[in-house]
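Same chain, two partners: chain A is paired with chain B first, then with chain C.
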Partner chain A sequence: MPRAKSARRQQIERAVLYPLDWLEERSGLIGGVKYFIFRKVPQDIGWPQTLGSATLTAFIVQAVTGAILAMYYKPHPETAYESIRYITNDLTLGWLVRGMHRWGASVFIILMFFHMARVFLYGAYKYPRELNWIIGVLLLALGMFEGFTGYLLPWDQTSYWASVVGININGTAPFLGPFLAQFLQGGAEIGADTISRFYALHMLLLPGALFALIGLHLYLVIRLGVTSPPWSPEAAGRDRAEVAPTTNGRAGLVRPGSRGGLTRTGVRK
Partner chain B sequence: MEPPAGQHRPHAPPPSLWPVGFAVGIAVLLTGVILGWVVVAIGALLTAIFGFLWVRDVTGGLRTVPDVEPERREVAPPAAPIRADEGGAGMVASSESEIERFPRSKFLEGATLGLGAAIGGVVTAPVLGFAVLPAFRGGEHEEVDVGAVDDFPEKEWMITTFRLDPDLGDVTARTAYVRNNGMLDGRPSFTIVSNRCVHLGCPVQPNGPAEDKGTQFDNKGRPNQVIRVPTKPAGFGCPCHGGQYDTEGNPTAGPPVRALDRFEFSIRGGRLFIGKPYSVGGVRGEAADAVIRRYDHVLPGVHVEGPSALMYPLEPPR
Partner chain C sequence: MAVRSPLEQRRAQHQRYKEDVQRTGKPFYPWAMFHDTVMSLVVVSVIVALACIWYFTSGESPGEPGLLGPRFTSEADPGTTSFIPRPDWYFYFLFYLLRIFKWPESVILGTVGIPTILLLLMLALPFLDVRRERRLLRRPVAVVAAILVVLSMGILTYKGATTEESLGGDEALIEEWMEANNLPEEARAGAVLYAETGCQQCHLYLGAGSANLGAPELTAIGAEGGKGVDYFARYIGNPRQFGNTVMPIYGESLSEENLRQMGIFLDASKGPGGGG
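Our next item is the complex of A and B:
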């Protein structure tokens, strides 16, 4: 039997709940967030299913560090390298934030590939989730384009010549390649327009598109739910109780016997 | 949400061999780009035949009209008017026939969507144009003074660095290898080879010794606009992907798809001016006797001769 709450405790609870109720009554946001956080997921998922959230976290890190780097970065051929040098060497903690953005970019791309591999190997792209796979591929392409446009911005020898080569690779595509390359470099030659153009793409257009597509991606994840792994007896329509607890070597190793009987038969529908 | 067990339906089309034939056709076609026109024609034929069969197979289900009993609907008699003190508040639930009688709402709906689309178009068109069109205009530069003709000794190479547009500064710095070939029919002859590799645009280096320090001179009142360094190359090599060229710019090894680009030049008042760049298919002969197959300036990696040049039928305006 729960003890009766003290008057003090009731007071505190009311004080906490009042603003939440206020918000919920006017927006329904609390219910929405609760639905998102406490929604049902299959019982037999694990760490591999967290790769998507990890990728999202990496993207948010990029967005935040990028916005702050933009306060100090000056996208012009005469000033770009100097401002990067200033951020790295002179500004307090500038080396850290630039390092987070620079290495976080690789982390973001790598996590996207791991996430993609998980979805592919688990068959999670199949009906009814095909559209979410397509959106994911678009996100991958946009993420790579972010990497390409961001690489030029330090405006040192490596980034300059890597961008020259990258733009010219685009230019070798048949038929429209030369037009694409000239659009990318903003003129007949790589010059002052190229760096500001790459900056605008990197800083405004691509992140906007990424945010929109990530929103769609998440909406579909919430609407369609998380997939069970291919070996899931539950998803195969088999009764979970039929699996003898001792055959699950992994569970037996960690928690002998505890995963077996009760939980598996207890939640039976 | 997983669909309930037992309600899964296969969404894959029935197995078919036509896509395999289609893929083989495309492979043959692409091989033909290297081997010759007959192979291209065979590949195109295979692709077309199997593509047609494939499409016919896939759309088979769509072309037969299923027998469907025509839908019949009872036309509801108009609802009796509701007295003001009866019934619920708000609009009376309208049946379809009533909507037909009030096309005004339809008109307003269409007008709202149409106006929105028009406003969107009016805003988007100039913005898109602004994003795209400036990249295809105004690529012309004035000719650049790189020094007196006498500063280029005969038969000697000079690594010549100059600014295409002195107003824009270092970002327009370009390098050319300049050789004075002496006189040709009483007129001075120069070989001016761009240092941009025609594979993907890295700077090619002279294969040979270059002096440590060059001579610099100012241009249009700006200091150190042009730098000349004497060199003795046996050819040119690109550090990025290993492309190699002879001293006329012909590719001798590696991935380059044509000869090194060259610059037009003119001589006014005893001074050498570097003009527009142009692309070169190949060079026969040497120095002043060279016969150059000249093309409009294109990007690195773009073929100008042979079947592969057909992949680049249009060049963007500059």
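Our next item is the complex of A and C:
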């Protein structure tokens, strides 16, 4: 009996593993995911380091609710307002989707600022993570531009007049300003062309750029690792010369390299 | 230990970091992933809670506010004059910055200069601060800069959120202007036009209106000599001719006669007590 069971078990295992092996052999994706999930992170990281993934969650909420809204929203001055009214007041759970999109935008922006503050306070933008900081700044700018373009779409008085001011502000920039304002407005006045442009920017161009940059951002986080809190006595990568005497003055003298090899104290050099 | 260049030191530190993480680090799953999952659930719950509070405390009709504002205001109408532009909260700081700078000398500083400088500074940060030091107590410049940025953004956002603006094109307001600014009767038509064409969305007049895009206050514009009715009419007709690229061109929507009436109104506006 046990033999039969084990044979069946083997069969099941093979059936489960076959597609995974198939995928791994052709793409290496399974190994990549395994590396991502089981990679080591510094032992002293905790809640502050969740702000990045929290921001990603808020972005995913925006992407999902935005896609649903796009199924019902009609981007034209004559239909936009009515479609928003319909989504909010009549459509089943439409209020929840629009409410989540609307308030999710604020949460997304707040989390980006908090995440940025954490990175700044931890000095995590320093070598070798400079490029990832720059990508983060671009993500913040693009995120705020998402907020600006999305604000017009409900086509109510608040959104219309805020966009008038916003477009005029862009118009005051030297050299490119008037062209930028003209491009955003799309015509002689804010109307059908403006809605189309803001809509295209808001749900095609900007989210595409955001997705791409977030992918790059995450790739660099995985490649370079997460920073320890700088004040942690166990911070990964800390200077040995300063820490060693305060924690255990004899570590390097009595048992050289017993735990970490000779390089820890620089003896090998 | 031999003295090493800063770059070599940084490389050695990152090498140490990688070794430390390999030796003493914990696997991402389940430790960090647990924290991330809990935090993500909190984020989604907060978003759903905000949506619920927003929806269930507000009414179905436009402009019926709940705890978190109305579901929507009335439909966009380019013809209205009484609506105060207000961006989403995270642009309040920029919005308020525009009130500090006045057209035309310094408005570019507020609209473009400061935001651009901030953005460039943020992009350049890792190259301005190249020391390896990460502990806060040993980075006084960074800490002071961070506190100043947070404080100023906070104050500007708060100011932008709480600034009260009054707009109105009703007769009582125009009567008040006639009285306070000692306007002659022939300026009345221009005053009515001023209140109806949306000038107040950017300009202040006797404390009423708004101060957007660095537009000047017009209460005593007529007292600044060397202008006159014709000048004002031509300026409103096409501000571009006067090097103003921000103000809308009213020559397309207002007749010659209307422009002249506005000119009379502005020319007569010499401030309270300045008329006589």
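Criterion: the second predicted complex is superposed on the first by the 214 of 269 C-alpha atoms of A that agree within 3 Å, B and C clash if a C-alpha of one lies under 4 Å from a C-alpha of the other, contacts with A are read in each partner's own complex, and residues count from 1 in each chain.
In this text, contacts are C-beta pairs under 8 Å (C-beta built on N, C-alpha and C of every residue); 3 or more make two chains touch, one makes a residue touch a chain.
Model, not experiment: these values are computed from the prediction.
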* **Side-by-side fit of chain B and chain C on chain A, or clash** => clash
* Answer with first, second, both or neither: which of chain B and chain C does A:117 touch in the superposed model? => second
* To do: Quick one: classify A:27 as touching chain B (first), chain C (second), both or neither.
  => neither
* More residues of chain A in touch with chain C or with chain B? -> C
* Would you check which partner chain A:134 touches, where first means chain B only, second means chain C only, and both and neither mean what they say? => second
* Please indicate which partner A:159 is in contact with in the superposed arrangement: first for chain B, second for chain C, both, or neither. => second
* Determine, under the contact definition given at the top, whether A:225 touches first (chain B), second (chain C), both, or neither. => both
* To do: Check the residue A:185 against both partner chains and state whether it touches chain B (first), chain C (second), both, or neither.
  => first
* Asked: Does the superposition put A:174 against chain B (first), chain C (second), both, or neither?
  -> both
* To do: Figure out whether A:11 sits in contact with chain B (first) or chain C (second), or with both, or with neither.
  => neither
* Asked: chain A residues touched by both chain B and chain C?
  -> 77, 127-128, 161, 164-165, 168-169, 171-172, 174, 177-178, 189-190, 225, 227, 236-237
* **For the chain A and chain B complex, residues of the former touching the latter** => 77-78, 127-128, 161, 164-165, 167-169, 171-172, 174-175, 177-179, 181-183, 185-193, 224-225, 227-228, 235-237
* **Residues on chain C engaged by chain A in the complex (per definition of touch)** => 1-2, 10, 13-14, 16-29, 31-33, 35-36, 38-40, 42-44, 46-48, 50-52, 54-55, 60, 62, 68, 71-78, 80, 83-91, 94-95, 98, 107-108, 111-112, 119, 122-123, 125-127, 129-136, 139, 142, 146, 150, 201, 212-213, 245-246
* Asked: Of all residues in chain B, which touch chain A in the complex?
  -> 1-3, 5-6, 8, 11, 132, 134-136, 138-139, 164, 168-172, 200-203, 240, 298-302, 311-316, 318
* What residues on chain A touch chain C, complex-wise? -> 36-43, 45-47, 49-51, 53-54, 57-58, 61, 77, 81, 84-85, 88-89, 95-96, 98-100, 102-107, 109, 111, 117, 120-130, 133-134, 137, 140-141, 144, 147-148, 151, 154-162, 164-166, 168-169, 171-174, 177-178, 189-190, 225-227, 230-231, 234, 236-241, 260, 263, 266, 269
